[in-house]
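Take a look at the structure below.
Order of writing sets the labels: A, B, C and D. Residues in every chain begin at 1.
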Amino acid sequence: MVKLGFSIGDLQFKNPVITASGTFGYGSEFDDFLDISRLGGIVVKGTTLEPREGHPYPRMAETASGMLNAVGLQNKGIDYFEKNIYPRLSEYTTNVIVNINGSCIDDYVALTERINRLEKIPAIELNISCPNVKMGGMVFGTNPVSAREVTKAVRRVCLKKLIVKLSPNVTNIVDFARIAEEEGADSISLINTLLGMSVNVRSMKPSLSTITGGLSGPAIKPVALRMVWQVANTVKIPVIGMGGIMNADDAIEFILAGASAIQVGTASFIDPLASVKILEGIESYLVTKGFSDIREITGLINRSK
Amino acid sequence: MVKLGFSIGDLQFKNPVITASGTFGYGSEFDDFLDISRLGGIVVKGTTLEPREGHPYPRMAETASGMLNAVGLQNKGIDYFEKNIYPRLSEYTTNVIVNINGSCIDDYVALTERINRLEKIPAIELNISCPNVKMGGMVFGTNPVSAREVTKAVRRVCLKKLIVKLSPNVTNIVDFARIAEEEGADSISLINTLLGMSVNVRSMKPSLSTITGGLSGPAIKPVALRMVWQVANTVKIPVIGMGGIMNADDAIEFILAGASAIQVGTASFIDPLASVKILEGIESYLVTKGFSDIREITGLINRSK
Amino acid sequence: MTKRIESLKVIDNKPLKKDFFIIELESSEKLPEMKPGQFVQARVDGSKETFLRRPLSLHDVDYTNNRFKILVQVVGKGTESLSRLKTKDSLNLIYPLGNSFSLPEKGARTLLVGGGCGIAPLLYLGRYLKSHSIIPDILLGFRNSDRVLECKDYEAVGNVFLTTEDGSAGEKGFVTNHSLLGKARYDKVYCCGPEMMMKAIAGWCKKNNTDCEVSLENLMGCGIGACLCCVVNTVKGNVCTCTDGPVFNTKELIW
Amino acid sequence: MTKRIESLKVIDNKPLKKDFFIIELESSEKLPEMKPGQFVQARVDGSKETFLRRPLSLHDVDYTNNRFKILVQVVGKGTESLSRLKTKDSLNLIYPLGNSFSLPEKGARTLLVGGGCGIAPLLYLGRYLKSHSIIPDILLGFRNSDRVLECKDYEAVGNVFLTTEDGSAGEKGFVTNHSLLGKARYDKVYCCGPEMMMKAIAGWCKKNNTDCEVSLENLMGCGIGACLCCVVNTVKGNVCTCTDGPVFNTKELIW
């Protein structure tokens, strides 16, 4: 048997395949298709303190090898989550991670404190690329100063493993990775969506109600892979790579570039079984290539220089 | 007949379809397929003062709806261009624009002065996202200070129309567009390629000799369109949009978002006739929709708010 | 009701008038229970330009042979690619998805209204109603006679009325202009078609105090409630068309 | 020589052993002059996962019927998709592209060496040589007997010798191990196959003072000299494989 596990500090993951926030609901949407407990982990929907209705329809547009979304963090808030969703989630025998979002630092801190008391949630994914924030409209994840502040503030209260999820819409991703590591993140995940846009030439109007939205899917994989490679070569904490991973080969590209684990996002929309197939594909790749532990190939392209 | 022309200052273009630098050679590669003089213009290969061999093979990798390249500005230098290529180019009855590149500001200035004396070249496209530059490895197009300096220096000597071509690998594209306009650019073109990467899982090595390369093709269209829209809403000078334009509908998206003209890049590799087909498609779109002048739809999505 | 992912065999792909066609599919397993109003998410393998699956309604179901049909109108790249499917090809679906039309009260006077490809789910709904002894009026609207589909199947389950925008078949105008709506009275209306048409019918129902269910055709990212892209604004806030719908009582919608 | 873009009719797609197949195409117009060593850029319409065209060599040309053949090995998504082409489908090509093999001097003792799909251009080259009264030796290398293709066509133009890596057909080993190379002497060698093989043959030729031309299989972005992605380093610096090649005399290459 090939060893597939990895860990963030003392938190063990049985394998490196995790589902990405906002693309796997709360897991139950996929119960008909697969046994979620086979996965290394799942990251649930972006959660906020208060319920959010999200942006108006239309929120989605198909693009070449990708899609734009402008969901706008629709969710029922942490109270509802704790009461109605958490009990069921805590029955999965895999790591259930909550992706947290706020409009200001206080929101993030308050959310973290709420999640601290949920015993079966071992880690928080701090999403610092939420587009609607207080401070002069500046996005947390694209401003080094606020990225540092929010990470510091959350770290101070966070009793769980802290994964900081980076925005790719920056000149130098490495700066943000360093900040996260310096402020005590246990892991870094990337990339969130690229800011994109689409116009409907029939109606002569923007395709999304918000005009711009987040681009995901295979289209962004080359950019994601480049950033994961840059970050993995910079920080010492484990890096979780994502962006356009559709199959095992895609996942292996990220691992060879230095990712300790990967997240499967948009792929689950087209093939709800994608995550499990990717897991199986990674395993058989390792077997075929004659490796016994995935860590032998993690960052291999950087070692063979 | 529908009016398709646009102008940069007093420089007239018969239509808004231009071929992008590095994707259309020096035109002659396409002579077998189309009458180049039908196009609004062509931008020739990135040119430098001295000849350049470019990067080692492999320089190319296919990606989902796109490709990575690491050509590295291979070209025979301005002397060769002036003697051997310019005479033939000056026979096309369309605007032939030279894309200029340098390792330092002096190079750009010297190149501009060389092109000043080429009567049949009406405009320069200043490419400020060349990855190998003197100043501490900082890329001109991703650092506002050096972007300003190089634009200022070139503008001071440039007797041609000056188009500044922006790099998309920045947090805020609008900053760079403003700088270009403030320093006297006559037009802005965008986007150049996104920095990306690919790994060959069979060989377990990076696909490109340079590890990272430039991503082009439909994959990047949503990002390109978003940036063109942002820039068109910021500057008063004409904006030339590009990035993943494969057909007339794609081109029209850019025009509706505010581009006065568009460039066709990677599309010409797959269909050498792409530029002409796009031109024809734009014309018939306007006819079908009942417009008589392309300017009626330029930036339409911003007006109908 | 368990959803499944399956590659089904294409038994037949019959071109109808203009851009319409009907694909008949066969499962190698026993069909799950499938209700009128439910839909499938079809993977479009043959097209370079599509990325996501495409939602399509159940048009007719034949449990005996484990077969069912979808009726599709070519409107873009995905449907165009599906139109090229041939007998013996396979089509990968996630199905059955979504809620379904509700059964009206016994003896309810019932009207089905469909426009364009919105007529697709009405046949299976009609059969379902018929099996519950309700014979509906069926009002179908098309652009012009070129696009009027054969209505024999529909005639077997109800009384068919036609409109075309140019009057080249049936009455002239939109479905909402049909004289039927001036005369008859209904207890229940089911409607599927372009949003404008559904809104007009919903308005007419409201005025006439008639209960109305519509099947929405919102853009979908996943079809299984995971992406939250297909939302519609209701009295309960934004809900997913793919799981809370596609069928909604118009009283719930904020239109 | 004018290049053209054309959708050609697929006359036949014949599967050979293992992953190999031969597609025969027909042009509706008179074929342009096409030389051995030249190639086509094929658009892969049936695959979601390919973006660029795929370069493929001319395998055989029949001017009388305006037909020609390409021999393809499935190695990935593009070639896999091409393997599914059926009679009456169409295939869009840009062709003919590149330079060609040179004609050796009269009476030159000539050897053709091919490995894997690198055997593709050698048939047309063989015919061309034969038409100039040169009967070459033809040395073909395959992984194992499963992959050894029918050599009848090749036997019609020269004396065929085989190697397989496992010895299951012909001599055991790589083409460079074949006893022929220890015995015979040649004035000219033409070689196409995996880079390692071509380098080995080039080395053997150098040692034996034999003129050697190889056909490179560099990755191509455009095939028409526009992208500069397919370069190979030569004594003249980086040149494009698609326009200055694909055939190079090994003396020019910096290997």
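Just a few scattered comments:
Operating definition for what follows: contacts are C-beta pairs under 8 Å (C-beta built on N, C-alpha and C of every residue); 3 or more make two chains touch, one makes a residue touch a chain.
Remember, predicted model here, so these are calculated numbers, not experimental data.
The chains touching chain A as well as chain B do not exist; no chain touches both.
Compared with chain D, the chain whose C-alpha mean position is the greatest distance off is C. Rounded to whole angstrom, the centroid-to-centroid distance between chain B and chain C, based on C-alpha atoms, equals 46 Å.
In this assembly, the C-alpha centroid of chain B lies 36 Å from the C-alpha centroid of chain D.
Centroid to centroid, with C-alpha atoms defining each point, chain C and chain D lie 53 Å apart. Multi-chain contact residues of chain A (touching two or more other chains) are listed as 63-66, 217.
Annotation for chain D: residues 50 touch two or more other chains. With chains as nodes and touching pairs as edges, the resulting graph is a single ring in which every chain has exactly two contacts.
Two chains count as a pair here when they touch; such pairs are A-B, A-C, B-D, C-D. Within the complex formed with chain C, the residues of chain A that make contact are 22-25, 29-30, 32-33, 45, 53-54, 56-67, 69, 71, 74, 217, 268-273. Against chain B, the residues of chain D that register as touching in their complex are 2-5, 43, 49-53, 94, 218-222, 224-233, 237-238.
Listed in rising order, the residues of chain C touching chain D in the complex are 45-48.
Interface residues of chain A, counted against chain B in their complex, comprise 63-66, 68, 142, 169-172, 194-199, 201, 204-206, 211-212, 215, 217-223, 225-226, 229, 244, 249, 252-253, 256-257, 285, 289, 297, 300-301, 304.
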